[in-house]
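Should a chain be cited, it is by its letter among A, B, C and D, assigned in written order, with residues numbered from 1 in that chain.
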């Protein structure tokens, strides 16, 4: 999906459904000389909500991003929409939170290094020093915030200050083994992406591989979701699975699951960074 | 995808790409009181072709199907489009061609009986009598046309006459073991759906399971495609695969493949009958 | 897996692990002129239990099934094994319990009709009359036992009497919408196969498709398991999944799930009837 | 599959089938105090060949690897078997051949670094200098052999000399863009593992992603196989696939294919290094 030319824009919009929305949006684009490259639309037939993602190209000299947003605002206000116009060539400022496992961080940094993501990994936050060498190898600032039961609130405040100072837009929890407080999560609604190492809603909480091993399932999974206040209950972005058999030990489940985790998290980040996800209550609309 | 209300329409259209196409189409719908239910658009970035599927609802009293087509024709002519407006509640008149294997026919008739397809199976054609009882069980006329090397042309003429007389729009080759002539195929462009029992383009031609067994592949497949003059070369609609191991005998491959064949063919027919496929040269655009 | 010659045998055995078990079993077979066709062995590294499935051929004139079992009994007693020697060409006497949905029954009867299962479907039990015509089409006796809240115990007694009279060995719950009592289940340990329409342990209990729809999962599943006293907690035999998206309505989930249900249940029955499953506590060992 | 204790052995053996083989092998193990941990056996029903993999443990003080091989040799000779007894804790001396793409090398080195493979990556050979930094990061000697059309034979001689001097047992072609000569391949029969970036036998030869893009397939694949004299014709070890749609450009196919390539090659190497593969003519028996 090659939308990364310098004059490409992407609109993500949701609103209550009503006739004329596609017409309004496509005329807006056409009148400004835009040519639509890709358009996906969805109407939730139960909730009667409208969702759209449009990407379009404007030949130079085109309007600026700001001009576009200003021109679109009155239309959006009229229909009561939640919306944002993104520039395809602008990378999302991203922070990655990790603890000790390296597989997800490895995957994201390597993929990013070969240009698979439209993200700018601005910094890495960790409660352990283990992954500092990996961060340094990719030249990314590593910030150590040891978390103790007594300093959780203060630590989060420092982290938030760091994120704000660095203009962070998206946070990826790459097997970060701490639970963020509600206050923290509320600051980044639908912008904190987590990977849970089970096929949610099966095996919520701790030790999902052990739970899976003891239950004797024939398939294990991994789930990437936006973080909300309720643990493991946020809108699911992506899931994937792998078969296991009676031969697989707990260690085998963990090994197979590692592959799932890094792929599912990478896919979720890719979808998020290319502006393909809209939140619909407790669910997501993913325009893949 | 619940679009089957009595006043629902679906437009399938392709043309050369240019700015304003979505705007033109969506305005056309909006001006006639339509509310878009589902819209998918694709631009081939290499060939610069535009493809769209839109489904919309018009509250009663709405315009008729004919009025809609007449109103849209000038627009379509102007942009040089290939297009058709379908009524969601109108079933596609379908003929199924079979030989001796029952699995694909079984699958289609059963799925159709529980309402999974928007097809009206008007008749079954076969070069063998074996499946007549199955046809009768579902109350569908069964026409036996034994094919010999000496009468192929005459037989096809009779078949074509039968199809025309019955207003057949789509033909499904459900493991029909005869090769249709070019003349026959040309009469139903992008409207003859075949199932090939391999993962095309691997194992073209006869005995693909034996070829797969002898090559020692670890995965087998099935492919549904539109029939064109060149054998097994038509635009691919759907493919699926299943794992095999060294334990699987040729008979096991055939057994596992049966499941693939009936599922892949059923899915292709479902996509076709719900007007989700556009042909793009040697390929398909499938708005699933 | 072609083991269906008239003088083929299959041993399924489990016991505590200790050195010499494979040697003991393979020598036993060899000394009686048997040639091993397929052997799978597993040792649970945590519980230290031993599981084996061996199939072998004895050229005519061979020993009888009874002679083999009598000859093996002293060895099995010595190692304290649970075991059974099956004849490959002997079909398992099976009863199918259904309610109103026809897809699983359809699938099993059709597959059985083309020889995919080593089962003899002796009778069908239902609490509704809906599927009687389907049973009759395949010439299988259909027994209607309307279940009311007031007569559950008596009904089960009658069913058990019917099963016993017909020498039923295996019961398949093909979307049977009644919960069997503990007393019933205990009579057929590891011999009642159920299909649950979710990816267990997610969405236990009623309306799993609705639960899945509301949670917004990106994958749905189906699970076949042996029935135990605890609802949806029995040892899992087989699971499979299919992807869903935000476009899929609840009806789409049900439709996609139907395909999963019939495939997963059919596979579980196939594995069971070809004597490929051993129960290991709350789990299964499946020698596929 | 935890077989890596210091006194674990693995026998891989193939021979013509005849009664008594399992009995002979299992008795041999039992008589030396061994306890079988895992046993897989296969008889090719067409070719009448016998294949077995057995792993067993001998409590200390046990026999040595050499003693075991010497003791087993007369038995193997008698049945005319191809065989080898491996020590579970001994890592396979491996060389990786690369060109410019880093994804497969990255994957193998990272997985090896966290202990997923029983391999000792002794050296890396390349015809380009690009991946030298990656090799150095993992502390692995990197040998540059620029290949020109005029020096191919001499270069291979030098490479073979290097491999021999370093006791290399297995060679992994991790997207190595040179074709090895027959003479080279013959020196490492069933010990050179390649990754081909298509679902073989579809799209043999160059540019398989372009071929797939132009054919309009709905699924792409990758295939790992042992290298033989005939290009892309060696025994297949492992294959996997991923879905593509009309939206995927050639670049998307390459991106999605990268993930397949690294996973399929890694799995093949894992299977090979844990002694789970036997070659059966043009096919493999994989005891996964």
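The rule we apply is simple: a contact is a pair of C-beta atoms (placed from the backbone, for glycine too) under 8 Å apart; a residue touches a chain by one contact, two chains touch by 3 or more.
Keep in mind it's a predicted model, so treat the numbers as computed, not measured.
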item	value
Shared chain contacts [subunit A and subunit B, defined touch]	C, D
Chain pair showing more contacts of the two, A-C and A-D	A-C
For subunit A paired with subunit D, centre-to-centre distance based on mean C-alpha positions, whole Å	37
Distance between the centres, which are taken as Cα means, of subunit C and subunit A, whole angstrom	42
Of all residues in subunit C, the ones touching two or more other chains	2, 38, 42, 45, 247, 249
Parts of subunit B lying in touch with subunit C, wherever the complex brings them together	1-2, 38, 102-103, 106, 110, 114, 116, 137, 247-249, 251-252, 255, 259, 263
Complex contacts: residues of subunit A adjacent to subunit B	2, 17-23, 26-27, 29-30, 33-43, 45
Subunit A to subunit C touching residues, read off their complex	42, 44-46, 51, 199-203, 214-219, 221, 235-241, 245-247, 249, 280, 282-286, 288
